[in-house]
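Multiple structures are listed underneath, in structure tokens.
What follows is a pair of complexes built around chain A, which joins chain B in one and chain C in the other.
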Partner chain A sequence: MSYVEVRPLGPAARRRRILRRRFLRRPLAVVGLVVALGFVIGAIFAPLIAPYDYKEADFNAVLAHPSSKHLFGTDALGHDIFSQVVFGARASMEAGVLATLLALAVAIPVGLIAGYYRGWVDPVIARLTDALLAFPFLILAVGLAAILGPSLKNAILALGIGAVPQLIRIARGEALALREEDYVRAAIANGASDFTILRRHILPNMMSTIIVQATVTIPILIIGEATLSFLGLGVQPPATSWGVQLRAAQDYLFDAPRLAVYPGVAIVVATLSFNLFGDGLRDVLDPRTQR
Partner chain B sequence: MGGFVLRKLGAALIVLAIASFLVFLGIRALPGDPALALGGEDRDPKVLAQIRHDYGLDQPIPVQYVRWVGHALQGDLGQDQRSLSVAHTIIHKLPVTLELAGLSVLVAIILGVPTGVLAAVRRGKPIDYVSTGVALVGLSVPHFWLGLMMIIVFAVDLHWLPAGDYVSISHPLANLEHLVMPAIVLGTGFSAVLMRQTRSAMLESMGADYVRTARAKGLSEWKVLGWHAFRNSLITVTTVIGLQLGALISGAVITEQIFGIAGFGRLTIESVQQRDYTLIQGIVLVAATGYVVVNLLVDFLYSVLNPRIRVSGRPT
Partner chain C sequence: MTTPLLEVSDLSVRFDTDDGAVHAVDRLAYTLGAGEVLGLVGESGCGKSVSALSLLGLLPATARVTGEALFEGVNVLDVPARQLRRIRGKEISFVFQEPMTSLNPVFTVGKQISEVLRRHLELSSKEARKRTVELLKLVRIPAAERRADEYPHQLSGGMRQRVMIAMAVACDPKILIADEPTTALDVTIQAGILDLMRDLRERLGTAIILITHNLGVVADIADRVVVMYAGRKAEEAPVRELFARPQHPYTIGLLNAIPRLGEEGNGRARLQEIPGRVPSLSEPLDHCAFADRCPRADDLTRSHVPPLERVGPEHLVACFHPGGEWSH
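On to the complex of A and B.
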């Protein structure tokens, strides 16, 4: 007689397995995740992937058509466009990911405090958030970028600040709802400190909502960085980003329209992959939206 | 109803007060002395002191704020670098942007609402996947790139439409010809949002008890969907249109820049590039006020459409 040993899984591991299976059943979400990771890895290893340095100019091949030497051709200064697009991913990924993390670092504690303690803090934070939300995102980002001065670092700062109010609202709403849960009441009855309750009960339970929100914020901020750079308020040449490349391409719409195609397609594919991933994640983590 | 209106009005006024104070502080936080900028080449301390006195820059910040708000309430937003009235400049540029925004909303409704309804009714069928997929792509395309691509195709290659510029509405046909591409560019992203919201609102109302009752009464499917389900999902759709106003203004900024339309959005970029702070201050204040006012109107409209809201506040 032989026994098959079945190792029982803990509840957390079982939930993870269920979620993983549910996620893997969504081919588009998986494709989104893979492509998004591809962009992040591509951005990190850009010098290894790009055949040329983004600053390297080949003056013998200005505005060259695509060839085996220059996969996507060259721009007006003889830069290899493929290499430019690969290096351009760096600014976009940095802006999308870092600005989102920055916004979360501000929004989560503020939202937790407002939603958990309520009292006078909550209406004050809520009104302040409303006031910040009254500024259209791009006008806020453009205004901040103008105040701070044009650079990638300041664009990230401006985009991060611009994303904060929306995230505060979400974190606050979650904290407000979770506060009424029985396990939180039980923890209060057990005499747990506020810090313990926030860290062990409320924060972990709001993470799925926050993660979904983060994945949909990243593509918005990727487009935000491209927009700011396109307007000349973000990344400054000779440094490059997809927005900078499109700004330069604008002068050659008649002579070499393909210059405007490649960076734009890169933006669309990158944001689409994050959006697909985010949509799938939302379906998996939040059964309420499953219909 | 009266209490609800007052409560919402009060909240909106508080939000506006905070927003205007933030604008005021933000501009004051800028590096550089405005008196130096106003004085131009003249660096004589006496002249600078006179300028500071004339513009009230020697007063404490709260006093300056109250004076500024007082003037703003009377429609005086100060003078820009070229000594032109900021309020006048903004009022002059605003109709152009409002026309563009109105046309884009129209494009968005025409594209977004029927596809959203169709996707919900044919849920899980190919048409649902296609329209949901197209909407997701629509959300991922930046306005300015779509604008560039449309200029390449329809203006440079096909010569169908002008690549930019704005013609006054007194020449309606030329005006429309110049605004077709910008309105489509600004409207498509919005239509994607609208399509997704319409679809989920329709799905929700199609699962509701009153729709089941309507079916049980033996109403035709057309009547059930059109009269009961769609009418109720319109509540959500109205709100979404109102809430997207901020995104619409953001989109107008970049769309006007691409197509060279001299409207409110272009003015925003110009004011930032010229570092004309009085102008920036006025623009941001007007944008924020517009947003708050529209949201207030949406709240009222929403409460008229859905009486439950009057008691409990808008569910979020």
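On to the complex of A and C.
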């Protein structure tokens, strides 16, 4: 007689499977993920996807209507708009993802220290973030970008710094709640150092909240990058981004509104997709919103 | 008499809160011998947990701890943080009341036990894993190999408490402090946990301080008992002596509050409760803390703090009118 050995799934694998199934039950979140991934992949492989280089000007077809040669038509300098939009995604994704990572790199340690150690550090950091949060995010980012000087790198820096206070507040709140957990007390009683407690007990338990927050921060920073570039504080022509394209489209708003429509729609769809994905992720990871 | 393993003297704990001070523990003293099980008994808020937590510096920052607790000649109330961390979990370890929430949900239980082993004994991950499985077997968790790879939420409350105990004895501590280890568990599981602790004491020689409000638990496993009331020691005696000849009216009250079967015919249909409430501890009391609830209270009781008197070889009681009967 022969047996087929059925190995039960490990607990981690089982949890992943439950989460995946929960996520797949939310069609909007799945659409969000697919579209958002599409933008990221599109940005990475822009040179392969775009039929023309974004700098390539076709002077024989200026402000051309959409055609088989130029899918979305061309702009005032004869640039292929489809190619421009595809390449424009690069700045947006770079800004959204890198600025968010930058903000997390600052906010997580600061929030952890404030929330875990309390003492005099906590009120100082809390009041400081409150003060920064009193500025509307875009005003803060515009101000910082103006000080740092116009370039994509500086725009990312400005957006990252602008996003820090909100993330500090979240990391601090989580640390504040988690330090009271019984398993933290048990770890202290077992001789764990503060560093061990932060790394092994507090940080891992706040990650799902942080991941969700990061996913909803990305679209805010995508809009931020577009705004800065639109105002001339971000990406500088001839390099392109959706903000740069919108700015150029201003002059032709009545003659060729499509110049503004294509990058505008790209911004809306990209932002929306990240938000849908983030909301779905929140529902899946946060047991408090379980239905 | 040989030097005890732990000698607590004059231990006081005060909490400075926004609503004023709370004198949670008032000049408590007790000793613990190697391999001994000491029951620390009293109702909620009598300072039994606080006094134990203070030994390892586990109280919140608002606590002011004074006094002395000599563990192997070192006053653990007054050691630098780094040295205290080496004592915690290695020399003296703690088992808490809440097994459901005392394990980190994101790591397997095996990993969490290994962490303690690697921290204190500097084992390699392979050695730690091997020892972890041994420990899980020691606390009688079936299929220990498999359980080690499970997450806390996959284990029952009793299992989790066993894991907590495994973690506490991982480094072969000299003292295990168990704070109401069975209170959150089903009665049938309580017995198993107590059985396990008795077994560990015998096999590992660990001294145990068992904090509980349940005299039944104490009778089951303790060698000696300290009864606390309102932050002070009311009575101390070997367990048999305490049950046979309780002296303090509070102890007698506690004993009368233990439910027993088949006593309807004996003229006592219901449990006797202790009337009144525990006094507020915002001021250090200058009289017997139990006076307001005591049938024997008189002017002396209401104006003076009763000193601890020796009424037997190992029997101490803080009462002006000790002795008396209790209805067995």
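FYI, the second predicted complex is superposed on the first by the 283 of 291 C-alpha atoms of A that agree within 3 Å, B and C clash if a C-alpha of one lies under 4 Å from a C-alpha of the other, contacts with A are read in each partner's own complex, and residues count from 1 in each chain.
Note that a contact is a pair of C-beta atoms (placed from the backbone, for glycine too) under 8 Å apart; a residue touches a chain by one contact, two chains touch by 3 or more.
The structure presented is a predicted model; accordingly, all values stated were derived computationally and were not measured.
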item	value
First (chain B), second (chain C), both or neither touched by A:P257	first
Which of chain B and chain C A:P47 touches, first, second, both or neither	neither
Partner, of chain C and chain B, that touches more residues belonging to chain A	B
Which of chain B and chain C A:L233 touches, first, second, both or neither	first
Chain B versus chain C as contact partner of A:E181, first or second or both or neither	second
Partner chain(s) touched by A:L246 [first = chain B, second = chain C, both, neither]	first
Which of chain B and chain C A:L132 touches, first, second, both or neither	first
A:A189 touches, of chain B and chain C: first, second, both or neither?	second
Partner chain C, residues of chain A touching it in the complex	10-11, 15, 181-183, 185-193, 196, 200-201, 204-205
Chain A - residues contacting chain B, complex	127-128, 130-139, 142-143, 145-147, 169, 173, 219, 223, 226-227, 230-233, 246, 249-250, 253-254, 257, 260-261, 264, 267-268, 271-272, 275-276, 279, 289, 291
Of all residues in chain C, those that touch chain A in their complex	56, 58, 85-90, 93-94, 96, 98, 101-108, 115-116, 119-120, 149-151, 154, 164, 167-168
Residue numbers on chain B that touch chain A, as the complex places them	11, 14-16, 18-19, 22, 26, 29-30, 123, 136-137, 139-145, 148-149, 151-152, 156, 163, 200, 203, 207, 246-247, 249-251, 253-254, 257, 268-269, 272-273, 275, 280, 283-284, 287-288, 291-292, 316
